[in-house]
Amino acid sequence: MSLLELHDVHTFIEQFHILEGVTVEVPQGSIVALLGRNGAGKTTTLRTVLGLNPASSGKVIFDGVDITEQKSFDIAAMGIGYVPENRQIFAELSVEENLRIAERNKGDLAGKEEMIFGLFPDLKRLIRLPGTNLSGGQQQMLAVARALVANNRLLLIDEPSEGLAPVLIEQMMEAIRALSEHTTVLLVEQNFIVASRLAQHYAIIEEGRTVKAGEMGHLVEDEETVKRYLGAA
Amino acid sequence: MSTETSDLRSQTSEAGPSKNRQRAEWLRENRVRVTVLAVLVFVFVVALLGLEREDWFETIMQGLSVGALTFLVVSGLSLIFGLMDVFNLAHGEFFMLGAYLGWTAYTRADTLLDVAIPLLLLAAPFALMPLWQRLAVSITLTGRARKATAWGFVIVGALAAFFTITRFPLVIWDAENFALTPANMTVQIDLGTHAPLPADTFSGPVIVAVLGVLLGGALIAFGFGTLRKPGTETEALDRRNYVAFGGLLLAALLLHLVKEPVNEWIFGLSTTWRFFLSMGISVLLVAAFGALVEVILIRPLYDRPIYQLMITLGLGFILIELVREVWGRPEFTMARPAAFAGTGEGCPGQGLGGFFSGCSTVEVFGGRLRVYNEGFVILVGIVVLVAVTLLLRRSRLGMVIRAGVEHPEMVEALGINVRRVFTMVFALGSGLAALGGVLAAPSIGLSSGMGAVFLLGAIVALAVGGLTSFPGAAVGALVVGLLQQIIIRYGQVGIPIPFVEEPFKPSPTVVPAASIVLMVIILLVLPTGLLGRSEK
Amino acid sequence: MTSTALAQSTGLSGWLRRRRGLLGAIALLVAFPFIISIVIDGQGLAAVVNNDLGNARFLQGLAIEIFILGIYAISYDLILGVTGILSFGHAMFFAVGAYTFGIMLKSFELAWPVALLVVLVAAVLQAILFALVLPRVHGITYALVTLGFASVFWIVIQSSDLADYAGAEVGLQGVDAPVWFLDTTNERFIFYLICLAIFFGVYVLYQHIVDSPAGRVFVAIRENEDRALMLGYNTFWFKLLVLVIASITAALAGTIHTLHQPIVTPNVAGLFWTVTALLIILIGGMGTITGALIGAAVYRLLEYYLDKWFAGAAGLLIGAAYVLLVLYVPYGIVGTWRAKSLRIKEGRDRLLKLLTGGGGKEEPAAKE
Amino acid sequence: MSVILETQNLRREFGALVAVDDVNVQIAGGTLHSIIGPNGAGKTTFFNLVSGTLKPTAGRVFYKGEDITDLPVHQTIHRGIGRSFQITNIFPFLTVQENVRLACQALGKDSFRLLRSHARFSDYLERSEEVLTRVGLAEKAYHVAATLPHGDQRKLELGMILAPDPEVLMLDEPTAGMAAEQVPELMDLVQSIQEAGGKTVVLVEHNMNVVMRVSDRITVMHQGALLAEGAPAEISADERVQTAYLGELYETSAEEEAP
């Protein structure tokens, strides 16, 4: 059963038609990678799911509920966590506050502390620092950790490996793999190797349309497609 | 769509730069800022040292007082602008509205109680909004015809409400004389230009008036319900709606029953307690009004910032006209509460302890200070500064506000209703402005132009301190207050200029001009103000 | 679009054809006092020329006020609507013209052409002042700084130190007409015609400016200033040019105001006077030039009649109308009308395509 | 070929982050020189430094031997450097033709003419029509730019750079977001423009395959620094590039540091 479905979603940002028919299915308990070149509309797809750039037509269905026209905060409260591009760490808030703000019920953070600091031991040490003092990698960890505080059934993760040093990419991948045991993940990733090793399914987006989707195993073997759409390999 | 300019490469080394290097770097980045602050402090100190000691002490205290009032206006402006990017040009008028409502609660609480009853009745039908929306579904008209019908209901309802409200049993109102509103009439009675009226000039069945107002409210609410796009989901009609409706009705009834004793109780209070009471009432009313404004006027325009600016400009204009209509055009004064108005034996009080002597003025360090202006107002300013700072630093709401200033979308994506936080902040800011208005009224009096004057000061303070910075707002208000008082003081004693016999005396009119010149200079040197963050 | 219009119309006849609406409006406005005189006052044609009292004379005065407002608003439209510079100090542009001209005539007893020259110099200087801060501050901060400039001027002009020249809070009064044809009291019709000529002169000039190469750059700056810069335009000079043109125009409106009104009050330097300009172009439609003229007429007539019918409540009603306009008709009269006609034209094109049954491929990909 | 564009120790920091780390690049006149690298390599920052939209923390940029580091942006265009943006950057509410016409007009001397209709300056109109034909948008000349599909907007952007006939074209991911089918078409167009006019093209790309065919020379950036430079054949043979580019680098380094 699919936890999240997008059917022929069209989205405008101001007057620009960014998504022109995106169809993606995210099965319960899996990691799905959105692939495609710069500017293809992957980030917008995540934002459309969350209602940050609402779809003008098409359907977004989460757990059987049509959320196309819902407000962002209602969508998020249904159990969707978001790790945005550029991390969007609150620079004025301490690491702890950055986590605490994600609480939906009192005590969320207390219950998850062990899991979060298990995944990202660094954060425990930095807990009092303001967000602005973190390095890029630490910010990325905090962004992921923040999405884990509430009880989310789906995580939308945008470019977790971007700008990270190799060691940290490895650590980040470990974390994503670990947390995917409890939650479903929709992932945007430029680094094909990272994507291919994490995800079970993929969808390629190009010019705002889904052009290909399926199982990651098939895509890895299909060098022609990878070369054509992703420019790697 | 990723931009690589924002890519942040991680540092595997954890130590980071040492404290000293960090400090040096901070200094290098902020050298302009630090220089400007130093120059400003230097100029102020030199200007103050040029005065006699009792003069400079008085000047500082008066500067603090003006700064505190400006701060109350500017703090709301700063919170609203920082969080929502809305520059509320009507903020000065919220300040004015606060003063007028405060005055009414202070001297004529009976009028306020009287008017509250029909207003509660008028508001009650809005609690049943989902019901109206459901009923409105049966109107099959679409497009323009639907809109016209909806507005038709609103207009008919407004007319019905107007005609029945004027038939309402009000203590202080000559129902035959529509030209004067109740508030206006109280002003005139207070000034002695209108003869006091006998109680209960109303004649006729109360039930007609009550039902008429309720009907009017229902028609207006139904009209707004019809305006909603057909097809969009209606809100659920549940028990809460009925409770709210019944509660409002009950409140109106209760108020009607207890009106007389409450009146007696209020007028039996000392003016000091009445003053505190009126502060509370005014703040609450204006905060509620601010919330309403945010929802109805500001919210539809979040994606058109210039229009937002324009609508607040228009709102300010409307509020000035409204005040002129309701309270009349002439300026009037508000009596200082008794605790700050003592004269005679033992006055003025001596030293810092003199503040509690009940005298209107005290002598400290040879300077003569007014207890209300230089004591109470400053105290309230400090209390608000501490309270808001605590709210921002310690509470969850404050955390959300600080986060929302930076990445409102991310806050939304965490499942927090940012819009509701916006409304709350707008209400908070409006309430603070109203508090400033009530505080200012006893010393500067009430006039429909008082908002514009303070808004100008507030804009200057905001720009000087940094548009989005709350501490900046406090610093800016302080700078503006001190600068104004120093110039006024020099206007009295004159500035000795070498080789010129007559000392130069700046005329009072240049006082606001000087702070504006300061603002322009500071903005040219530091476009983000003294404490403002650089643009995102 | 413009190139096709150009192709079919060169020479005088083409010009007349293209400008027939404008010429018609001018003819109507010239005839207007006579029509009023005959139809409403029941007086003859001579009454207009003889400056007799009556509706014709009064309505000419009202029309002159509309012309002044129109010239003033059109200059603000160039700054805000066409170029997208958010200035809140526009009242100063007007007031500097009004006060300078009056003071030069009254206190310095200069000949009126010399006084005009002084106004011109003052206008250019203040435009340069407004432009100097442009590279430092943008957006709302620029609005605040310009509001600051105008407020300083407003305060200074009211100060008692300058009372001998500017008349402090009362304002500048007793400026006599310097020459017979600029005398609004005794030669109302002549003055009316002169204002009419200036009004339409400014209008045509502005239309040409917006259509010129420089005007296209102004629009480009509004649309996307960074891109204009990256195309190689030094946008600062263009914005300076806009401010100079607008400043001179607004000062001209102020000059006529001084001639027409018995007293120039300090209000014309206050924030509300800027708001008036904003309101006018909002009513008419921002960035449309024509909208400023229509807006000025609507605004002044609305103000006049509301005042007449509702007396005290007029301000409240104007404010309410303003708020409703911002919320529901943000593109103004001309803007909304243009959008409508565009939609109508689009519909007609689609209809033609359907009827001829061809050329479907140019349609953007069908969106079900 | 003589060097037309050169950077010396170009460096740019954003706070603690070094986005461009002492980069030295020489670009020969009349060639198509590509700068590639994975996301976050600092390509766009480098590009902004060269074209003058960002000022470097240290280092200099030379154009034909002249130091242009401190030149204001609008003047670099007058020297003959045109640049495009990764995110479509056009005048959305003007027509396609007007977008290009403004670009043509920028280098003429008539931009301060106030009283003649712009339609009477036929040089610019003709030139803009020529450019629109070149990029294949002639039929859509009177469409409002915002209504164009994404691919056409990219073409329009290219047209706006071509319009003033610059000597150096700097293109930042001109194919971003385009359909795979359209990419070769656009790259052919870029190549033909470069060859026909003897122009220099600096191309920033994210996609290695796109540039291999058309480039004369390729510079590879990684983590803000220069990783490799050479002819396409050398680059595709270079193992460091392969690993950096494909994201396999982390495996080796992870192994190095892991034990």
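For clarity, chains are labelled A, B, C and D in written order, and residue numbers in each chain start from 1.
What we mean here is this: a residue touches a chain if its C-beta (ideal position, glycine included) is under 8 Å from a C-beta of that chain, and two chains touch if they have at least 3 such contacts.
Quick caveat: nothing in here was measured; it's all calculated off a predicted structure.
Relative to the whole-protein C-alpha centroid, the nearest chain centroid is that of B.
Taking the mean Cα position of each chain as its centre, B sits at the greatest distance from chain D.
Mean C-alpha position of chain C lies 43 Å from that of chain D. Once the centre of each chain is set as its mean CA position, chain A and chain C turn out to be 52 Å apart. Between chain A and chain D, the centres computed from C-alpha atoms are 30 Å apart. The residues of chain A that reach two or more other chains are 38-39, 135-136, 159, 162-163, 165, 167, 190, listed in rising order. Residues of chain D in contact with two or more other chains: 16-17, 39-40, 86-87, 92-93, 147, 149, 223. Counting partner chains per residue, chain C shows two or more touched chains at no residue at all.
Those residues of chain B whose C-beta lies close enough to touch chain C in the complex are 87, 297, 300-301, 304, 306-307, 309-311, 313-315, 317-318, 320-322, 324-325, 452, 456, 459-460, 463, 467, 507, 509-510, 512-513, 516-517, 519-520, 523-524, 527. Every residue of chain B that touches chain A in the complex is listed here, in rising order: 1-2, 6-12, 16, 396, 399-400, 402-403, 405-407, 409-418. If you check the complex, the residues on chain D that touch chain C are 53, 72-75, 77-78, 83, 85, 89-94, 98, 101-103, 105-108, 110-121, 124-125, 139, 142, 147, 149, 160, 164.
Looking at the complex, you find that chain A touches chain D at residues 14-18, 37-41, 135-136, 159, 161-163, 165-167, 169-170, 190-194, 206-208, 211, 227-233. By the touch criterion given at the top, residues 16-17, 38-40, 86-88, 92-93, 146-147, 149-151, 173, 175-180, 206-210, 223, 245-254, 257 of chain D touch chain A in their complex.
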